[in-house]
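Next up: the structures, one after another.
What follows is a pair of complexes built around chain A, which joins chain B in one and chain C in the other.
== the complex of A and B ==
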């Protein structure tokens, strides 16, 4: 079934897995436990620590409309951005899956740039484009369309634009992978039977790409809900997401337990989405 | 038919422009000799390209980020490739527990993971150093390398290994001369991607950085929050150039060996 069946010995498997499991246990599982412990205000000195166990920070989250609103906004942001990127990336994925040649492979490199240049680069670019003394405002005042600069930066709109850019690659890749697997003869058949391009897309191409849409949607949703740098810098004061609140709890209020509660909630949501995603993909590697 | 594909081409071209436009804007701003970022730039000069090298924080951060990126991508490769070999053998444990566990650092928000590491190090009493950051970056490198290597492994026809074994190769030799050359491009791609992830990562490092172990993207982030001057753009451009150099050199490495 798999290529690596060159030895059936169990000892080999142990040696292959022992290093990674050790690092993951020390560098990942234990820190996650420390985070959950902090959310219950356990200072980690067993057995005394259990005396200080409290769920009051979870209570604070559940009863505070301000933070519940932030939770809702964060997940809504994820849904909106994932929908926009799915629609925007679909034609690009069709192009990449169906076109060969130098231009198409150069374009494929282009779609990778958001992942390769770093969040600071992308955030800075959009700040300069949308800012008060930025590209759009200079252009519009230069042409004479407006006399006072528009307030484009700081708000949900600029976060949505920036995150759609950042996550674009994560949507294109799975879409391109599924569209590649569709037999072009099916679309040709639909066209020959009299369906127009729109009908062909809606009743042949799109239904056959749903696995890629779902995979891309879930990854983008995850990335948006967990994003920190871009929403912080493009969102300004009025638009807060869970990661921004976590950062504020640490740097401004020094409330480590409450920052941990927000983190645990976000982590749990992310794990659930990831498990759904693994199920959707059923062993296929679309990304 | 041609009409549709022309509309498609125009749209795709438009998206392509949107994808690179912010980067070109940053490039333009990076040559601004002024003291704060605006568009159009107040002029063209290499001033901040020269000045950034006498900024101690920036040069230290570049050095730290190169160290962290190289070591964590190397460690990640040494951990994730064997794990991919084990998982490729199949089995319920690999499929249900191991694979999701090793993949989850990709799904968990990096800021949350950075916070978890901060608490972990303060519980253990370990002072923050480059190694505390390297450990975090190694963990988040694992999913990328694991995924690519596993995809290549699953793509490999099983008969290759069978043929080597029938011809008398030991398991080790079959791995060394058949499997390894086959998966090498995947490993190189995964490792270079892990380097990029580390070299551009802000959220995992943010809570773990001090004046001594500050990384380049965190230094840039601090500048973006505190003083919004053209040097922020300059350093970001230099960061991208460094990434391009690493990508091109690993690509050449892969081309000559593979």
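== the complex of A and C ==
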């Protein structure tokens, strides 16, 4: 290949990539730079703005136990929901990957309904189910198991249930794709060599599907950490998260620099989690 | 030949265009005005009660930007002098923020003739850099089937609620609600405190915390909790409750408590650098008695024009402004960050 030909080919590649690069730059890089600038109270007006530089908002975050608790709660919520969905999604993913027929198709459709319905509608649905006059309380009081309705809404429990439901599909999809690539003969061989179903799963299926688990875990974790509407509506006074705190800092305190600090921390944590996952996955095919 | 340099050059030019203030801004043409509205029935009223009169008077087009005051204020602040909005329907504290930053224009009777019929209480808090076209007052809603003897004062409400008399069925505005700090200030003042002494409010809130179903963050959220009977008693604006009552919630009742109710205003403002000529006309339309009456009948938030003829059957729904109380908005803005910190440690902690 001549140098001119090679150069033209690179030009075409850049030309094809340009729309994506432009979208990423305008929609993500520029706002991110503005966000970081605002977190240091820089007005984003080059170059005279450095006089206002301060790190006091980061100091406030580091020294305030309330916000440290919120950070810990948010990331813990992400881990708990991702773990629950991973455990719940495995049987479904195995079934979908290994089964054909009408029932499997129906099951697949049911699994994907959360994507079609959307997070807000699912949140409202859980409010109806878990409410004081909702389905579960009506059932329990109806059969005489309880006399007063249980407080099922407005706590960490209701947030975990809601988020696990909303993000379930995002765990099933990568898992199912990975499990589909596993040769069933490997599992059969393990069984023929005397391993039971549990040992076969733990020794063969699970290790070979870890890339799917990691991908699903990452997607679910990031979705949960960034969720706003569902924790706001299903949570209570002691179950605030970073996105809710960001919203409060903007709408109530009008403290955009501190809201930016919270956003930067959330963004940085997401990037760190992604980098860890990429490092774990390095050199391996995703499916 | 297309090279990487060409592509990167074009890419950079695109970025520069996007970053340049106003570079991607599409300005409204001379015969249209861009205004704001909340969604749902609020938008319906703006489109059906106000816009037809505005069009009839000016022949101009109206572009409605749906959202909330926080979003609109941020948009105006982002492009000072070249705002994407010509007139804004704001919250009190955000209106003050725009005034203090010099981003809105002063209203006057020669540009907004209906301003002459707006009592000073709806204009003075904003030094005529905004005028409220509606107002609402706070009080308690309650399930009248369960609560036969409603409290008469704020002190009585908090005392009975703190003793568990209403059970775990209470809801109050959260600090995250845009008017949350207004309510905390008001509880304090109603029970002997002040902007610098919020102890009465926080003491009362701590006592009733075990009986709270939830502190509500949005008005839609509390409306849902009321209609699904998850809560029996709580604090809300009169217009929201009377709208639910007239909409068929027979179990529901509303009461304003002594010594006074908190009043919330909705200042309409003209944004500097926009189409100010039509923006003044739009604010004048918002302050007009005819659409204000239609708006009141639809939304239940009280009109501010003194010439509005309220039907006799609806007069009881309106509390005169003089019986209510509003905070000093600048003082409230100053006190809010500390209020949020205290809420986080004492109520959420």
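One rule holds in what follows: the second predicted complex is superposed on the first by the 269 of 287 C-alpha atoms of A that agree within 3 Å, B and C clash if a C-alpha of one lies under 4 Å from a C-alpha of the other, contacts with A are read in each partner's own complex, and residues count from 1 in each chain.
One rule holds in what follows: a contact is a pair of C-beta atoms (placed from the backbone, for glycine too) under 8 Å apart; a residue touches a chain by one contact, two chains touch by 3 or more.
Being a predicted model, the structure only gives us computed values, none of them experimental.
Chemist: Does the chain A-based superposition show chain B and chain C clashing or fitting?
Modeler: Here the two partners, once superposed via chain A, clash with each other.
Chemist: If we overlay the two complexes on their shared chain A, which of chain B and chain C does A:133 touch? Say first, second, both or neither.
Modeler: Both chain B and chain C are touched by A:133.
Chemist: Does chain A have more residues touched by chain B or by chain C?
Modeler: Counting contacted residues of chain A, the larger count belongs to B.
Chemist: Just checking: does A:233 make contact with chain B only, chain C only, both, or neither of them? Give me first, second, both or neither.
Modeler: Both partners.
Chemist: Quick one: classify A:11 as touching chain B (first), chain C (second), both or neither.
Modeler: second
Chemist: Can A:62 be said to touch chain B (first), chain C (second), both, or neither?
Modeler: Neither chain B nor chain C is touched by A:62.
Chemist: Quick check on the superposed pair: does A:255 touch chain B, chain C, both, or neither? Answer first, second, both or neither.
Modeler: second
Chemist: Touch check for A:87: first (chain B), second (chain C), both, or neither?
Modeler: Once the two structures are laid over each other on A, A:87 reaches no partner at all.
Chemist: Just checking: does A:206 make contact with chain B only, chain C only, both, or neither of them? Give me first, second, both or neither.
Modeler: neither
Chemist: Between chain B and chain C, whom does A:151 touch in the aligned arrangement: first, second, both, or neither?
Modeler: The second partner, chain C, only.
Chemist: Would you check which partner chain A:186 touches, where first means chain B only, second means chain C only, and both and neither mean what they say?
Modeler: neither
Chemist: After superposing on chain A, which of these stretches of chain C ends up overlapping chain B: 218-226, 254-262 or 290-298?
Modeler: Between chain C and chain B, the clashing stretch is 218-226.
Chemist: Residues on chain A in contact with chain B in one complex and with chain C in the other?
Modeler: Correct list for chain A: 4, 7, 12, 15, 26, 30, 127-128, 131, 133-134, 233, 247, 250.
Chemist: Would you mind writing out the residues of chain B in touch with chain A in their complex?
Modeler: 1, 4, 8-9, 11-12, 15-16, 18-23, 25-26, 29, 37-40, 75, 78-80, 82-83, 85-86, 88-90, 95, 98-113, 115-117, 119-120, 123, 135-136, 138-139, 142, 147, 150-151, 153-154, 156-158, 160-161, 164-165, 171, 174-175, 179, 182, 196, 199-200, 202-203, 206-207, 217, 220-221, 224-225, 232-233, 236-237, 239-240, 243, 247
Chemist: Using the touch definition from the top, list the residues of chain C that touch chain A in their complex.
Modeler: Against chain A, the touching part of chain C is residues 1-4, 6-8, 10-11, 14-15, 18-19, 68, 70, 74, 93-94, 97, 168, 174-178, 180-181, 209, 212-215, 217-218, 221, 224, 228-230, 333, 336-337, 340-341, 344-345, 347-349.
Chemist: Okay, in this complex, where on chain A does chain B touch?
Modeler: It comes out as residues 1-7, 12-13, 15-17, 19-20, 23-24, 26-28, 30-32, 34-35, 37-38, 44, 88, 91-92, 94-95, 107, 110-111, 113-129, 131, 133-135, 138, 165, 168, 197, 222, 225-229, 233, 243, 246-247, 250, 256, 259-260, 263, 266-267, 270-271, 273-275, 277-278, 283, 285, 287.
Chemist: Hey, which residues of chain A end up touching chain C in the complex?
Modeler: On the chain A side, the touching residues are 4, 7-8, 10-12, 14-15, 18, 21-22, 25-26, 30, 64, 66, 127-128, 131-134, 151, 153-154, 232-233, 236-238, 240, 244, 247-248, 250-255.
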